[in-house]
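All chains are identified by letter, namely A, B, C, D and E, in their written order; residue positions are counted from 1 within each chain.
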Amino acid sequence: MNRSLIGLGALLALTACGGGDSAPKPQKSTTGSTSSSTAETTTTAKSTDTGGAAKASGSQDWNDSMGTATVSGAIKFEGVAPENKAITMSDVDPKCPGGAEETILVSNGGLANVVISVNKGLDGYKFAKGTGAVNLDQKGCQYIPHVLAMQAGQTVSITNSDDTVHNVHSYSKRNQAFNQAQPAGAGAIEKKMSQKDKSFPIKCDMHAWMNCQVVVFDHPFFTVSDENGNFTLPKLPAGTYKLVAEHESLGKQEAEVTVADGGTETVTFSYGQSAP
Amino acid sequence: MSGQHIHAEPTNFFRKHVFSVDHKVIAKQFLWFGLIWLGIGGVMAMMIRWQLANPGEPVPVIGSMLFPRTNGVLDPATYNTLFTMHGTIMIFLGLTPLMIGAIGNWSIPLMIGARDMIFPLLNCLSFWAMFLGGAVGFISLFVPLGATEAGWTGYPTLSTTINGVGSGETLWAIAVFLIGASSIMGGINYMTTVIRLRAPGMTWQRLPLTVWGIFLTSVLNVLFVPVIGSAMLLLIMDRVFGTTFFIPASIMQGAGGGDPILYQHLFWIFGHPEVYILILPAWGIIGDLLSFFSRKPAFGYRAQVGAMVAVTLLSAVVYGHHMFTTGLSAMLGESFMLLTMIISVPAEILFFNWLHTLWKGNLRLTTPMLFSMGVIFVFGLGGLTGIYLATIGTDIFLHDTYFVVGHFHLTMAASALFATFAGIYFWFPKMFAREMNEFLGKTHFWFTVIPLVTVFCLMFVMGYAGMPRRYYDHTSAEYLRSLQHLNKYATHAAFLLGAAQLVFVYNFIRSRWWGKPASQNPWEVGTLDWTMETPVPHYNFKEIPEVFTGPHEFSNPDIPDGKDWISMTEKLKA
Amino acid sequence: MRSPFTQLVCLATVAIGTLSSFKALNFFGSDPRADEDHSQMIAEELPHARPPRGVPLTITEGTWLRAPGEEWIIQQNELARKQGLEPRFTEDPSAADGEGAWIDSTGFIQKRYDEEEDFWAYWQWVGPAQLTRGRRDFVQFCSSCHGLDGDGYGRSGQWLRPSPRDFRQTNFKFTKVLANLPTDDALKRLIKRGLDGTPMLPWDLSDEQITDIVQYIKSLSPEGMGWRDPFTGIGSIVEAGENPWAGRENFAIKHGEKVYHGVAQCMLCHPGYVNPRDLPGLLDQPEDTVYRENLYLPVLKDSEYEVLGEKVKILPPDFTFHTIRSGQTPQDLYETIASGIKGTAMPAWKGSLSEEDLWALAYYVQDLVEEYKDKPAERRGLMERLREGL
Amino acid sequence: MNRINSLLAGVLSSRWMKALAVVGMAGVAEAQGGNRWAPFPPASDFGHRFSELFWLITILCSISMVIVVLLLLIPLLRDRARPGHKANYDHGSSLHDKRLTAVISLATFIVLDAWVLAIAMKDLREAYWNMPEVDQAETYPIEVLGQQWAWHFRGPGLDGEFGTPDDILEMNQLTIPKGRPVSFQMTSKDVIHSLFLPEMRTKKDVNPGSINKTWFKPIEAGEFTILCAELCGYAHYQMFGNLTVMEQEDFDEWEESASLLGIAAYDPEDEEAQWAWEWEE
Amino acid sequence: MNVSSAATSTLSKEEVRTRVDVTLGMIFFIGSWTMAFGTLFLSFLVLRQRVGVWPPEGIVLPSFPLATVATLILVASSLGLHRAVRAWDAKGGGGEREQASSAQRDWAVGVGLGFAFAVLQALLWADLLAAGRFPSSGLYESLFYGLTWVHAAHVVIGLLALLWAWIGLSSGRYGPNRLSTVSNIVIFWHFVDVVWIVLYLGFFVF
């Protein structure tokens, strides 16, 4: 009423509500968080598309030949590994064969599915976007692999090898979340992960037990521990790094490591039931 | 005699025309004020009818000016505001000032032979309190978050902050409070004046029925308007200060919180007497006018007064019939049904006496007479349909349908409005010393009464067919779609009704300034107001007259000079 | 000083003085029955009793909100051109100190660089006057369910399932877009259409009012979420292409039944509508195929939506019983199926099924609704057929 | 009085009366054409009583109104002022006139009011206020929760108890069995609503903060209307629903599957969604 | 009361008539206001009856001793004013009214106690507010604050009127006619007193 009657109200000089909202003058674009970007970055970035990331000047472009060092190691699991609960699938979908949870997989004292990555120490380099595709399969109503690490710019190609339908429900933050159905026999779902992203799950709502973890890095120095808990990070440049190991339920651990050109260092992370 | 002194006439413009304490000036102020609000309320009614007949179509002519944001379409919120304000305006700002403010102020001192009201300053205050109330009500239309949308009854919790936090509803409550204060001031003044300032010989049994009606209305005003005042205070506190008189604490358990039903009780303790507040002066006026223009004494004067007194006494104890569906207990429901039926007895007595007054009279069919007879007709229709609503069995179905709308428009609105018109046509020559045009007056009557009865009788049909009131759009629910044609007919009739009022406006304005100068007693009646010269001098009576005969001594064989009327100050032969 | 009255007066005066000084010394203290938390508790029980003074109605600062990209702008202009209207946006390269912006009647859209996130995105400027108008309309029309702060917990919104949207969660179920967030037009359409079978009605508000409300709702996104998240995708309503079954609706229904129970396996969550004895035949599956238990009941599913901090679960509808929320025409159903329902288990099917299958599903679901919903005798017949032989 | 009543009942049920009713309900026939002038016929037991009462009042009122109009018209035509015509000088204060006033008023009261009152009381006591006991097996209880702007209905489900997982929750749709008394308890979340079932000829306010009760017994199966009859804000006009009255066997089937769907939808962690209250006797 | 005492005093016929006029108006006013406060009490009773335990348990109640003292003070104030007016009525008449010193003292004390009551009322609120009880805290608070607010508004109006009357009295402006005004204001003050007593009984005694 108030605004509908503005005409009359204006006549009586009684209008109480806000006046017209004429388009404000376009402003200089500043985010307000930090000082305005330099002209240089503005122009370079303008030429690239939404993805193109330009780090601060002073860094050099990375190429594979620059790294010669290697960090390898193992993830240990101390104590008795909890038994993985069996999942009864047939009452939800008789086409699912059944299986067990894959949250904590321990074999020979090594913990699988831990993402190891370099966290600090790469400031001097500028990394190109990743290329190619990473496969995520759905088989036996489980995701294979259960943990997926990839580089920004890569595409995740999700396939369905089951005789049943799945929906791929991604909870990504910086990359667009999606929830796409994938019936048996349907083609692969290709999703480009163009931004780095913290660990997020991909789930299937039809089969509530199905989930996998995906991490997207903006550099190539990451890996996932194999079934015996071993990992290798090759082609690192010399330097001091902070390594981070991250498990979906047991949490993060950090370690500092310094490698020389051509050298190899070993790092061991150790998880237990009471791990942080 | 105190209050009967003659002070010098004020010469200052403000003292004379604005803050005057002269009852005649105040009566005219009330008259203009009431007429303007009646016009505003009427335009709102036209917009409501337009929306009902053509849901969602832009209101022609004034729509785009009033509602530019929607290109002239009434949105549901605006529609709710319109019917809320239509009710509030018509009752509190239209009929109350016209009937009680204007006619009451004009006729009481003149008819009882007083020089002014007993408390002239209070009288002036009464008008300005109402003016302020009107202004606040008007401002409430333009505040942010919308004007009031809770209906003129303003039931909580719809009228509390649960529904809206805007200030429109608060301002509405303040406006009703102020208007109530004005009514109380007027009521106290009228009552005291009638009791204390009657001229010598003006016994209670010689009091014109008009004065009786307004006197009894004042009693009701003084007794029951404070109730709505308090209810509005509580509502304002709920809205502004966060109290919880009417807001239940939790949804299912009543304990600990307020009670929305309490408000309904308070409202209708006032609300039902309010109906009689508006109708009692109307009864009084037509009781007089029917006698005046039938040239015949008011039949059963004492019975009429008795009936009005009985209605006054009963008015507060029948209010429960407004609440049959709110969950009254069986005992209360039956009691209120019985009491409501009983209150029809005085109405039947009045009808009998009015009709008997006409019987074997010498009817002068002037405009005021036509309107008085119109009151009998529309009040008959409205009153009889009251039986449906007093009976719980039928009321359960008809409650809050258009049947109710038709009913109360015929009883409270149309009857009171007709009596007001009758009063205006009747007293106009004395008020403005000019005559109103009779032909235009009669045109006005016939073009008012026919569409009016059509509109509200169609509403009876709609209500009987199950159409709930206060719906923005009756085509939204499948059940009501097949009734839409009735809405169209009603709207056509309503527009005709609205157009007919333009005749009145033209007649009123033309006669006010350019009309034929009126003689001292054009209607040939004997009450005190018509015995003084026209225009009425300052302080009315130089000498307080002494009264010897009753107000309705028409066609008395004992009247000297072969006239059929006698002034109250004259004596009958022998 | 001798009269008893005067003495009484003196006494009273002394008493006042004493009491006042006691008062000043806090002699009375507070009532031992007082329970500190109790007043708090009652205040919490009565959220509605908040005095209206506490409700801010004016927004003084404008805000940047995410906008769909250039493609969409060009598309809008195309649309306007097709309807013979002026283009909605005009590009002004000299605007914003030479940075350029797309300008329309209510504001402008600009491509802006977010230094912290190192990201380019399209942003729209919404002015304080528009937000204030939207805020007021929101409070007047929406707040009874969606809450005065847009938290989805107004007085009428309590206990309501499905619960009214909490706009701070920026999760909209029936916008029918493939991206995470809808465009303004998609939201406006939703508000105008309402959601069937819920108190979210078709709102008879003017276009302008709805525009303002939509801008306000968008501005409720918390920092880094929804329309304040540079990475969110904003998309238009999914486009239904040519209807491949036009004129062959009966075949569509037949085919839809197959898709529903077969390749799409809708019955994993929704109920199945074919007797399991007949299913293998229908789907060309081996006779001994087993189907899930309680095939005729939908399965309660998790959702991303939170009420009072708890995730709520949602029951996929039984089409013969529940009301479809967002339209029952094949077109509506196509859009819903193709785009999925955000924040719930219902995925987007566009791209995963062929257009033919999608339309067939839409026709099948529409047929289920038409045949059985609110038709007690027919539905009873269906249930008897389903139970036969079990 | 009884004789008059039975006479009236005879008149009301006579063919003559039915013809009048048909005229009155011409709308029903005309409804196919889209327009009607009357409500749809009553579908509950006391609906019929109230319909009859309605027509009784209509007849009485029509007669009264005709008399009033005649008494207005006759003087209007006969007693107009004209030269030589004189009014009858009569104050009506003689004993005869007083008696006449009293007799006519009382007679009108008896014919118009007391008669209606007697029948209304009888109807109310026998039907409307004769609330069925809920522990009678055949009474079907419903809990109603009104809100801006929707109706929530909760049926007890198969176990007959409220507040259990198998409760049947419906929104803007109410399903009840035919031929059994249906007992309602209702309250509102926010503002006052009024449950208006035009075909059932019943209406009851739904008040926040207290529980209101009503009942009726549907005697016809079919689809009927639910409206809100108390102004409840902006979208008052859109607060309508659908009432389905089912034959008992259809209803049994419906109740079972609705109950099962209720269980399927039951989320024990979402306590807030379980808004049932203890059924009050 | 004033009417009867006036009638037996030395007031002239016209003065008596004036006194009757205005007192009658005042009686109607008081009757009207009784309905207004009656409505508030009715609400009080209805709402109170909805709560099982009254006063509700576990909340801070307004201070009982403070309220009792306030009641006594208001009654005393009323008595003082009544005595003053009666004395003037008895002695007044014509223009020769002498302002007896005791009457003047009674008047001063009455008005002073009226102000003291206002102060105590403010203390009552302050006490409750300090304990964290606001009008929105619950039904008891709603009723207490709401009803005392309305009453306090009348106290303020009454005090202003008394002050105004005092100015008139001390300037000697009031002849016997205008003394009716003073007596009317005192009647109003008695009414305020009675309303408070009912409030006191409702909130603190029963």
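Here is the rule we go by: a residue touches a chain if its C-beta (ideal position, glycine included) is under 8 Å from a C-beta of that chain, and two chains touch if they have at least 3 such contacts.
Keep in mind that this is a model prediction, so the values were computed, not measured.
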### Query
If you walk touching chains, what's the least steps from chain C to chain D?
1
### Message
Among the chains here, which has the CA centroid at the largest distance from chain D's centroid?
### Response
A
### Message
With contacts counted as defined, which of the two, B-C or B-E, has more C-beta pairs across the interface?
### Response
B-E
### Task
Work out the mean Cα position per chain and let me know which chain is farthest from chain B.
A
### Distance from the mean Cα position of chain E to that of chain B, given in whole angstrom
35
### Query
Hey, how far is the Cα centre of chain A from the one of chain C, in Å?
27
### Task
Averaging only over C-alpha atoms, locate the centres of chain D and chain E and give their separation in whole Å.
51
### Message
Measuring centre to centre with CA averages, how many angstrom lie between chain B and chain D?
### Response
31
### Query
Residue numbers in chain C touching 2 or more other chains?
42, 46, 49-51, 136, 140-141, 144, 155, 158, 209, 299
### Summary
Among chain D residues, those touching two or more other chains are 145, 148, 189-190, 233-235, 238
#### Entry: Set of chain A residues in contact with two or more other chains
2-3, 17
### Message
Under the definition above, what is the set of chain D residues touching chain C in their complex?
### Response
145, 147-150, 169, 171-173, 189-190, 223, 233-235, 238, 242, 244, 246-247, 249-251, 253-254, 257-258, 260-261, 264-267, 269-270, 272-273, 275
### Query
Touching chain E in the complex: which residues of chain B?
1-3, 118-119, 122, 184, 187-189, 191-192, 195-196, 222-227, 229-231, 233-234, 237, 241-245, 249, 254-259, 262, 265-266, 269
### Query
Which bits of chain C are touching chain A when the two form their complex?
58, 62, 69, 92, 95-97, 99, 101, 103-108, 110, 112-116, 118-121, 123, 125, 127-130, 132-133, 136, 179-180, 209, 231-233, 263-265, 268-269, 289-293, 299, 301-302, 304, 340, 342, 344-349, 351-353
### Query
Which chain D residues qualify as touching chain B in the complex?
27, 31, 34-40, 46, 49-50, 53-54, 57, 60-61, 64-65, 68-69, 71-72, 74-76, 79-81, 85-93, 97-98, 101, 104-106, 108-109, 112-114, 116-117, 120-121, 123-124, 128-129, 145, 148, 187-192, 194, 196, 198, 201-205, 207-213, 225, 227-238, 240, 277
#### Entry: For the chain B and chain C complex, residues of the former touching the latter
56, 69-71, 73, 75-77, 144-146, 160-167, 239-244, 247, 249-251, 256-257, 472-473
